[in-house]
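There are structures below to look over.
Same chain, two partners: chain A is paired with chain B first, then with chain C.
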Partner chain A sequence: MRRFLSRKLITYLIAFVIGVTVDWGIPRLIPGDPVQAYLSQFRLQPAGYDALYKTMSEAFGTNGSAWDQYMHYWQSILTWNMGVSIGNFPARVTTLIGQALPYTLALLIPAIVLSYILGNRLGAAAARRKGLDNSVLPLGYVFQAMPYPWLALIIPYLLAVVWHVFPLSGGYSNSLLPTWSWTFIGSLLTHWFLPFLTVFLVSLGGWAIGMRNLVIYELENDSSRYLRALGARERVIRRYAYRNASLPQLSGLALQLGVVVGGNIVTEIAFQYPGLGKLLYTAIGNKDYFLLQGIFIFIIIGVLIANFVIDLVFISIDPRTRLSMQGAPA
Partner chain B sequence: MPTRKMTGRWRPAKLVAVTAAGLLTLATAAACSSSGSSSSGSAPAATGSSSASTGTSPITQFPRNETLYTSGTLYSAPSTWNPYNLGNYTTGAQGLIYEPLFLYDPAKGVLKPWLASSGTWDAANKVYTIKVRDNVKWSDGQPLTGADVAWSITSAATNAANPYNSNAASVASATASGNTVTVTFKGTPAYAAWDSYLWKAPVVSKAEFSKVPATQVATWADTKPVGTGPMTLLTYNATETAYQVKPDWWGSTAMGLNFKFKYLVDVVNGSNNVELGALTSGQVDWSNNFLPNINQLINGIGGYGFKTYYPNAPYMLPANTAWLTFNTNKAPFNNVNFRKAMAYAINPDHVVNNVYGGLVKAADPTGLLPNLSQYVDQGVVSQYGFKYDPNKAKAFLAQSGYHGQQVTLQVPNGWTDWMAAINTLAQDMKAVGINVQTVTPEYAARTTNLTTGNYDMAIDNNANLDSTPWTYFQRVYNLPIQSQQTAQLNWERFNSPADWALVQKAGSTPTSDTASLKATYGQLEKDFLQQLPMIPVWYNGAWFQGSTQHWTNYPTSGTANDAIPSLWRGYIGSLTSVYALANLSPAPKAS
Partner chain C sequence: MSLTVENLSVAYRSRRGDITAVDSVSFRLADGEIMGLAGESGSGKSTIGNALIYMDPRMKLAGGKALLDGKELPLSDNDAMRKLRMTEVSLVPQYAMSALPPTRRIGKIIADLLKSHGIKDRDEVLSELLRRLELIGLKDEILRRYAFELSGGMRQRVTIIMSSLLNPSLLIADEVTSALDVSTQRAVGEMLIEFRDRGYIKSAIAITHDLSILAQIADSITIMYAGRLAEKASTAAITEAPLHPYTQALIASLPEVGVRHEDTTLTGIPGRPPSLVNPPSGCRFRERCPFAFEKCTETPPFAEIRPGHQVACWKVSQEHGGGARVTVPAGAIADSASTKGTGK
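Let's turn to the complex of A and B:
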């Protein structure tokens, strides 16, 4: 167990170092000097420009040699100080991310987890009931194959523009200030529902289709036949089939949860939802390299943590993983 | 062997648990965004506590009939109210919080005394005396004094990191005695630059700004702004900024300006369709967004009741000139016949109609905005001006020695109207035989290209609506040419010492001497049209559309209520936008 964990940890550490290095390097390959573009708006004469350029370069850590900048970057990550945003100067990157993160988590985690639970149940049920297979599954295919931006137009069009059931966009009503009041929480919920619904519907179909195919495969494989030959009840066989079929689905869930911290750009733009996806989009628009780097660090850490957690989960639910870890042939 | 029991079948309890977890996170989101706004900006907290101490509860909801919703200025979360941070300050920082000494009224062509009750030159035009308005208070209760004005002028004159440094470069000293500020100059005052200072630069509180290190005067955040303006910063978060009208603002007594709304909420921009949706559904009242084809929804068409500044084409007030700039050090742009060929090849009406749907106007050949038409020498324009004429373009091209080499034309990626415009311009130029390739680098890369002169052609518009042609011609002819043209002046790198001398002469002519100013500008216009260091194409609009669902009486050209309806940085707080805001009145209740 310890050997397994230390091996995993080293792998993750290497992945983290590579991820951070790429994250540091990529913005620097983009042509154009962000500080220069920012300062051009001040229309300063050269003397003032040089003075401000120096101040800003220090604030952004773009002065010094590439190696110095790289070291400076590591230092800023390890001290959890991601620097200052250019597009929102002088707001701190961590502040901006901290404001956006709760919206993204509240939107995507329920959508992904609920669609995972319901989708798997639906898929498993469809695998053994022809009627369900012929009705629910085609619907799942439709939702999954549908271009998401289109769905994100149709649903709000119907529910917000035509029927006025839910608000069209935003995180909460512009007429409210964030406070602990029922009015505000109600506003949060009504604004949350439509983006949640669209993400939920799209992923629901995906999970259901995957589960259905996996369960059918499992029900037909040798172990199930053996159980059947032993005279086990169909219910018991289905349980084992479901457990086996869950493993690939669980890996998929882990990947989805890992990138949750990156937000869902299309959803958050379509609904103007103030989460990380929207922040990322604005950061790209503003050429806000430092904010971009900060968000990518979050994604890197999120993916690594999710993978690690899923490794641990696999140990507990899949005996084969446990055995291989102990050195026994799988 | 399996160690745990297989998970059960669908259980409502589990769903409830997950949903509850989701809602809990969302509630945390609310808590974080509220604490985020009050910890990163202490202004809301301060407002909250002060109103709590006077016994009224802090506001949690903006009543619709007391709130004006605006949009079109913010593209990311608001973060600074420092009026010297020209690239980033949140709209309203100047105009609603900080104010200038004068306002420029482009409709009437005059400077209106604002924080200054008067400003006069002495008989020799060497010393400028400012009388600071009486009974003006900072929002912290302290009176505005001559010392604040003198500090603001001295900072601009002596601190290179102050963005108004070039405007106040000729100032020798600014000294206050009570509410009178005497400004002396080194040699001949730079009249035009000083005039610009008077209506563009904010007056800041000496007590607040003298605490800031000189190099950071333009970059510190100033999230608790103390201003003289009609509003205070109430709160802000990632999606909006809220201002509250100050009941004891000096302008209500001195200018008779009384706001009928109590809160002004400026909303961070979404995409075009979101903005249009917000406007049609009455969530936004005042929009400074560019909304294509908005003219098809005004004057009651479709029942929307949107208003624009002009009820007919061009609908939008010209805000700045969009011109074709090129590096005149490079072949083929160093050849005047080639530049003339381009000028005659371009049909601005293609841009006006095909790209903007008639929302803008073609530019005057001199590039000066209509508010400066008194300085345009019509004789010069009719003799030397250019207009669309492909045959003439071909004739000039034949004399230019151009051999069909490819040249590029660039605008920033994502500026969709400009991207459409360069395609039109490229087609016009291709039609006469100029091989133009359009490119759209990112904004930062494009700005670096233009600053360093590493470009062929580009569209640019960085001379705003101004009270004098001087700013525009300084932009065209400024010398010396540096390796980096950081001040955004002379990006075409056109080297004409004679014209730069004329610009300097105009700049040091007293603004009252209009006869000699007109003569100098007439000469500059003649040179400009003969040399074409750049080619004016169209006037970008001061995009504005107002929804009459909740507020009415939006400004209209040609009426008494003709203030400039723009909350853009550099427009509100320098031009007459405050009048437009104060003139709004509640819409009659629909029956």
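Let's turn to the complex of A and C:
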């Protein structure tokens, strides 16, 4: 166990170093320098430009040799001081990320987890009831195959524009100030619902179809045949099939939860929902390099941590991972 | 008689019509008999074994019946068969390496099976299980393991113990030695004998394409060719004085009795078994038989040419002349069964 954990930790550490290096290198491969790009937005006198350029380069750490910059970059990461956003000057990058994160997590985690739970049940039921299968399968495919932006247009159009049941966009009503009042929380919830619903519906179809196909496959495989040949009741065989099918589904869930910190750009843009995805999108639009770098670093760390946690969870659930952990042949 | 199989025909439903994989097969198994069932791959051995315990949805009974201890097995009635599985007739499947459910401990799987059979006194079965594990040299700790934690030989032994736990009258052991190395093969083969001797199972059908292992464990050997029986006799008669030309070729192609060989290929005889989709009429070995003559365009009966020795060959029954006693008019029934099978 200890050996397994330290081996995993080293892998994650290496991934982290590579991620940080790439994150540092990519913006620097883009032609032009960010400070120059930023300052060129303004009409500045050459003297003022030079002075500003010098100060800002120092402030952002874009002067000095590549090695110095790289080291400086590491320092800023380790002290969690990602600098100041160019686009939202003078807001700190870490503050902006901290503000956006709760929206993304509150949107995606419930949508993914609830669709996982319900989708698995639907799929397993469809695998054994023909009638249900005939409705779940086509519906599932419709939701899964529908281009998401289209769904993200239809649902808000009906529920927000035609029926006025839910607000169309934003994280909360513009007329409110963020406070912990019931009115504000209510506003948060109504704004949360539509983006949640679209993400939920799209992944629901995927989970249901996946589970249905897996259960049907498991019901026909060798171990089910053997149980049948030994006279096990069909109920027992189904339970085994469901159990076997749950593991690949669970890795699918783990994969999705692992990248949750990246936000869901399309949803957040469609609903103008102030999560990390929207922040990232705006940062790209503003050529806000520091914010971009900060978000990427955050995503890298988030994905690595999430995956490490998931690894730990899997060890306790799937007996096969426990075995490979001990290094025995599977 | 432990098992009596009469004119059993089994077909697979396929897009090109039904494939009669087992064509009017008849044989008997005495109490305590371990019958080896041998033949090339694809000759229908597993199909016989599976038909006697569990017909999957692709299979169907195309004719005939089977009696176990005098009572007819409700072969195509899945619900009625379910209660008899494991208790009266049991199977160690050909796919034993992948047969154990992967996500549950061995002990739990066994407990679930006992529950399915509504067995009240589970403690008694459990202590019996522990006794048998010890007999085979497996630690009872194995019950807390998952299938993938076991070696191939251990998996094979666990499935045999599991399948025979409720003392079935008949155990069908399909290729139980094929996936194993030579020393484990021997041990697993002897397990069958031991279980029979101790009365855990009354009789067994040991299916294999490997004749040399049967020479060690079987009381009688039945040879199959292209969905039909070619010959059945005592192990000594089959290995030392086989009568059917196909059996003779099989025995001749054995490098040496007791030495394992990968697949039963007939080095001396060119050709392959006929397709079962549209099998030729008459003796199915005709194309490859060095002794084929006019008569062989008719289906030879599976005739008892001397007590306990049955052969389906015109040449053999002519040579053993008047003495031949036809037990089963295989020809007529076989042809009608296969027409019935493919007609749909």
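Simple rule for what comes next: the second predicted complex is superposed on the first by the 327 of 330 C-alpha atoms of A that agree within 3 Å, B and C clash if a C-alpha of one lies under 4 Å from a C-alpha of the other, contacts with A are read in each partner's own complex, and residues count from 1 in each chain.
As a convention for this text, a residue touches a chain if its C-beta (ideal position, glycine included) is under 8 Å from a C-beta of that chain, and two chains touch if they have at least 3 such contacts.
The structure displayed is predicted, hence computed values, not measured ones.
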| query | Which chain, chain B or chain C, is in touch with more residues of chain A? | reply | B
| Which of the two partners, first being chain B and second being chain C, lies in contact with A:170: first, second, both, or neither? | first
| task | Name the contact category of A:233: first (chain B only), second (chain C only), both, or neither. | result | second
| request: In the overlay, answer first, second, both or neither for which of chain B and chain C A:225 touches. | output: second
| message | For A:78 in the superposed arrangement: first (chain B), second (chain C), both or neither? | response | neither
| Is A:243 contacted by the first partner chain B, the second partner chain C, both or neither? | both
| remark: On chain A, the footprints of chain B and chain C overlap at residues 243, 319
| said: Give the list of chain A residues in touch with chain B in this complex. | reply: 30-34, 36-49, 51-52, 55-56, 59, 85, 87-91, 95-96, 98-103, 105-106, 109-110, 113-114, 117-118, 121, 161, 168-172, 174-181, 183-185, 188-189, 192, 196, 239, 242-243, 269, 272, 274, 282, 285-288, 316-317, 319
| said: Give the list of chain B residues in touch with chain A in this complex. | reply: 1-4, 6, 9-10, 14-15, 18-19, 21-23, 25-34, 36-37, 40, 59-64, 67, 69, 75-80, 85-88, 159-163, 165-166, 169, 215-216, 218-221, 235, 237-240, 242, 265, 267, 270-271, 274, 277-278, 281, 283, 414, 441-449, 451, 462, 482, 484, 486-489
| Mind pulling up the chain C residues that touch chain A in the complex? | 50, 53-54, 56, 81-87, 90-91, 93, 95, 98-104, 112-113, 115-117, 146, 148-149, 159, 162-163
| remark: In their shared complex, chain C is touched by residues of chain A numbered 221-233, 236, 240, 243-244, 247, 318-320, 323, 328, 330
